[in-house]
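What follows are several structures.
Two complexes are shown next, each including chain A; its partner changes from chain B in the first to chain C in the second.
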Partner chain A sequence: MSDVNAATLADFAASEASPPVRGYWASVGHRLRYDYATLFFLSVIIVVALLAICAPWLAPFDPTKTAMAYRLKPVGFKNFMLGTDDLGRDMLSRLLWGGRTSLIMGMVPVGVATVIGGFLGVLAGFVGGRVNTLIMRAMDIFYAFPSVLLAVAISGTLGGGIKNGMLALTIVFIPPLCRVAESATTLVRGLDFVEAARASGATTLSIILHHVLGNVLSPILIFASSLISVSILLGSGLSFLGLGVEPPTPDWGLMLSALRSGIYIQPLVCALPGVAIFITSLSFNLVSDGLRQAMDVKA
Partner chain B sequence: MPLDALADATPAGVQIARPLVEVRDLNVRFVSRDSRTNAVNGVSFSLQAGEVLCIIGESGSGKSVTMRALMKMLPEGKTRIEGYLRVGEHLIADMTDRQMRAIRGAEVSMIFQEPMTALDPVCTIGQQIAETIMRHEGCSRKVADARALELLQVVRIPSPERRLKAYPHELSGGLRQRSMIAIALSCRPRLLLADEPTTALDATVQAQVLVLMRKLQRELGMAMIFVTHDLGVAAQIADKVAVMYAGRMVEYGPVAEVLNSPRHPYTRAMLASNVHGHARGEDLDTIPGSPPDMRRPIRGCAFAPRCKVARTSCAIEPPPVVHLGPDRYFACIANDASAEAAAT
Partner chain C sequence: MWRYAARRILMTIPIALGVSAICYALILLAPGDPIQSMLPPDATPEEVAYLKKAYGFDKPVPVQYFLWLMRALSGDLGASIQTHRPVALEVMTALSNTFIIAVGAVLLAFTLAFVMGTIAAYHVGKPTDRALTGVAVMGVSIPNYWLGIVFIIIFAVKLGVLPATGMGSQGSANFNIFDWAQLKYAVLPILTMAMTPLGIIMRSTRAAVADVLNQDFIQMLRAKGLRPFAVLRHAVRNALPQVLTVMGLQLGYLVGGSILIETIFAWPGTGFLMSKAILTRDVPLLQGAILVLAMAFVTINLAVDLLQAAIDPRIKRA
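Up next is the complex of A and B:
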């Protein structure tokens, strides 16, 4: 081993000026650290989430307690910091509690759909052939319906309620996630390192787990994060139509729906749930955008 | 280890009873609904332990396919492989997928052309080496990591402890290819297949990697099949050279003989089209025409339409294989004198 000429080796060592060694996720984190816009909106999401989680301790009133004497009072009326709704319930308490349902409606369907859609997509993309045709054409059937219509149709058939609403949203989100996973997997499957893994004796399963999954995870996660805001909006839409959350459970979509009659009396108060939906979904959207920028950078 | 003993004996040309690799009448066809491509047509060769065979040929001549057939690394269902293929005691053609997986990476391993894409971008170099070791030897992560470090030293990667934790994009092309070699060597294979491993590297790095590969091959007593279209690379690394054209081996023999006294018109034309031995400004001798369409059956000599010394009979009957010794043949109808006259 010592006969390799020392000069070459020394040149080599010198030419390889050492960059800081950083893993993929660490480098994503590093890029995010200097993306102030994304950090700001991420903190907005965290604040909203914390407010929603701490609702039982933060809310000054019971969100379902009605008071006929205090219907549709303006912002700052007596103890009602954000006014009251058409049944005299405290808006602040309802917004805090409503954030819980809205965030759950936003995240749970996307999470479940990511797992199911991702699995189906990776399977279709890696196995290819007939399996691919079967899975992807089945997804195309769902694609034939506009997503809002599909969600309405499913939860309409199943009946209202949070669970059915979330089930409907999950079904709506599986096809697009499956498609993203499938196209990413098809791309990765053709790359040399998959062949190299096979050439070193890897089984199909270990190729998928070790090599494919690691490479398709970031496009899937980016897409899934952008769906959270859609899910919040769709969930609110379902509630607005009376198909999601049932009264008197507070939910931003439902509140917006109930308060639309009061818009001429207390426009500011009635717009509040809409503002909450807007801020939350905008933040999710922008964070997912920043995430894409941080994750998409190819070596 | 007996392999070391063989490694010392073979470069001198000593014959050993049973070659490590034996290929006879290999035919590979790619079959699809509307066409049938005859990628490899009747290739035969053998390789002793510790020898390096270079397969030379232009794109589409079937050199990579021949090599991949040895590992059954061709698209399943679309490929028909016929012929006798033996590596060590394994008859490749009869082996199941499970048996193949046990050999791949352990007894036979492969180095790819593009070190950029052949390494998984989301795994560290260390993980990728350790993965192969653990798979074949069933050892613990710790043992595998230690071996990985050792391997990086073997392939002369500077500051190996740090490179172990590096991701492929943090390494230069040369270091990446060295890492690939480390992965390929991780389970001490008896046969190393290299598919143009230096083509993607720049010239100085290419030389370093070649020297390293030749050295490691000798030290470990591995046999190596090296696919390239670069005659200079072949001259540096090969013991034997096989020249392929249109899925056939048109000339085969020890590297010095083939490159110094080529017998097949294609080999001659290829050597003549090299920049070496030409004055500056002088036009290079190129080979006119292009390789045949492999989807059509070829009756006579595949090179005949581009050959300077072709006769009418060349297009009709396949060329005879002329053996000049146990390890030297070419497939051409032209006898020596007329071919030589035409070439000069």
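Up next is the complex of A and C:
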């Protein structure tokens, strides 16, 4: 009998020792390393971002320089690798520069909204009671607007421009992020280790920083990452309506709208900004899905 | 059920009030004097003074809001700067047009997505599932205003089988969806609009059906020797209420977010109205359209919640 026990114990010890014990983030990284689809789309995002960052050095022409003689030329015309737009501007240069504005419109509002919405949500979830009611009911009111409508309403009344567009998108994303943060925090707050920390005399701030934040961060970040693609689509949609980026600044959404009439002459050239938006937003969506799986957060 | 319904309806009132407050605040946020934005630029000082008094702009903001709210409740949303017609009339006519394509798109999306989602859930992790899920992610990631343009090129310009824009010669007043000569104008907008809800409904169907398929009673059904199709029928019935909720919410999003698609197809709905109002800086019209759309969204959400509670007896709400 004792032999059997000793054997199982030894087995147990061996099995415990063979896979290295990983921390949470290490195991997330390990799972990601074998998720080739996610890695591929992550590299697509990195390439798009690098192209956008390096636009000043990569772009063969000035993206705002017009040339009436070269209007709507096809792909590969003379030095214009991707053709020219309705004002004879080089498409490749405009796409590279446009990536900057589109990526900024995609990431900045989500980033700011994550900080503000996350803070409000953790506050509401942790403090509870009246503070929770006040914050969450206020969020409910913004929830009563469909996201496109709210973005159009805010930037439509404030007027166009990239700043107003980003402000509108930030306001659109705060309520959903706040809700995710609140429900995650409420869940964690009731767990024993929070009570243990409180019993051992930890202050509210240190409980939030050391015990709560680590547990709510991954659902918040996952959700935020899934919003980037929405933000890119909404942002370029606003520009398409004339509410976001203003001409002549290159932006994918704005380029699409400007090229709407040219589409009958050069369909391929005029479809390029749409392809750029599609690829970028698709990559962000799939990477976000991959992260969700790796971090094991339920939708 | 009735207690829940009453509570849910009561909960809607503060939200509706808050929504109206935001809509009112929009006119205060708008750059420039609100009176200026309501009048043509060549208005005389007498007209300005008259309007200021008539709209109560000489009173404090909460009083102004209250007066505006009372007028809005009685159906008076002011007059459009461009057409001088009542905003309420303009928005209501447009809203019925928006509903035509939004309902069409949601029904189309639901039918396709439900079948796709169920198939994917049955083959979780297999190539079929991956392919179908891939289609869903594409539907969510594609800029639908761009897709609309591509559809116009293919179906209207190259093939010439469908009209590109507008609503046909009958206009919006006598639009008959059972007449192909008129219905064909709605085909491309509906097709384009269905892409996003297709992706979202497909993914939630897949999750819901896969969830049910993991439960014990499904294994029992399989052990009993039921064919896959019969097993699936049981799973689908249990997943349906959840998916219907998602569908209802999507209808609300489409009605409220139709602006891009209606702008491309020049479909005379609320979105098209708003995009014209933005171009001409017609603030009363914009404000009225936003108010009506937000209220429509709140009402649809309420209806979805009540319907779900009525359909699904498992839901015991606190």
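Keep this in mind: the second predicted complex is superposed on the first by the 277 of 299 C-alpha atoms of A that agree within 3 Å, B and C clash if a C-alpha of one lies under 4 Å from a C-alpha of the other, contacts with A are read in each partner's own complex, and residues count from 1 in each chain.
Following the convention adopted for this analysis, a residue touches a chain if its C-beta (ideal position, glycine included) is under 8 Å from a C-beta of that chain, and two chains touch if they have at least 3 such contacts.
What you see is a predicted model, and the numbers here were worked out from it, not measured in a lab.
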(message) I'd like to know which partner A:I116 touches here: chain B for first, chain C for second, both or neither.
(response) neither
(request) Considering only touches as defined above, state whether A:L39 meets chain B (first), chain C (second), both or neither. (result) neither
(request) Scan A:G214 for contacts with chain B and chain C and give back first, second, both or neither. (result) first
(message) Which partner chains sit in contact with A:A202 here, chain B, chain C, both or neither? Use first/second/both/neither.
(response) first
(request) Scan A:A153 for contacts with chain B and chain C and give back first, second, both or neither. (result) second
(message) Which chain, chain B or chain C, ends up touching more residues of chain A in the combined arrangement?
(response) C
(message) On the A-aligned overlay, A:I263 touches which partner chain: chain B = first, chain C = second, or both, or neither?
(response) second
(message) Taking the superposition on A as described, I'd like to know which of chain B and chain C A:S229 touches: first, second, both or neither.
(response) second
(message) By the touch definition at the top of the document, which applies to A:V131: first (chain B), second (chain C), both, or neither?
(response) neither
(request) Kindly classify A:A49 by the partners it touches after superposition: chain B alone (first), chain C alone (second), both, or neither? (result) neither
(request) Could you give the residue numbers on chain A that contact chain B in one complex and chain C in the other? (result) 299
(request) Under the touch definition given earlier, write down the residues of chain C that touch chain A in their complex. (result) 14-16, 18-19, 21-23, 26-27, 29-31, 137-138, 140-143, 145-147, 149-150, 152-153, 157, 207, 252-253, 255-257, 259-260, 263-264, 274-275, 277-279, 283, 286-287, 290, 293-294, 297-298, 301
(request) Enumerate the contact residues on chain B facing chain A in the complex. (result) 71, 73, 101-106, 109-110, 112-114, 117-124, 131-132, 135-136, 154, 156, 158-159, 162, 165-170, 172, 174-175, 180, 183-184, 208, 211-212, 215, 219
(request) Note which residues of chain A are touching chain B in the complex, please. (result) 1, 3-4, 8-9, 12-13, 15-16, 18-19, 21-24, 191-193, 195-203, 206, 210-211, 214-215, 299
(request) Could you pull out which chain A residues touch chain C in their complex? (result) 137-138, 140-142, 144-149, 152-154, 156-159, 229, 233, 236-237, 240-243, 253, 256, 260, 263-264, 267, 271, 273-274, 277-278, 281-282, 284-286, 289, 299
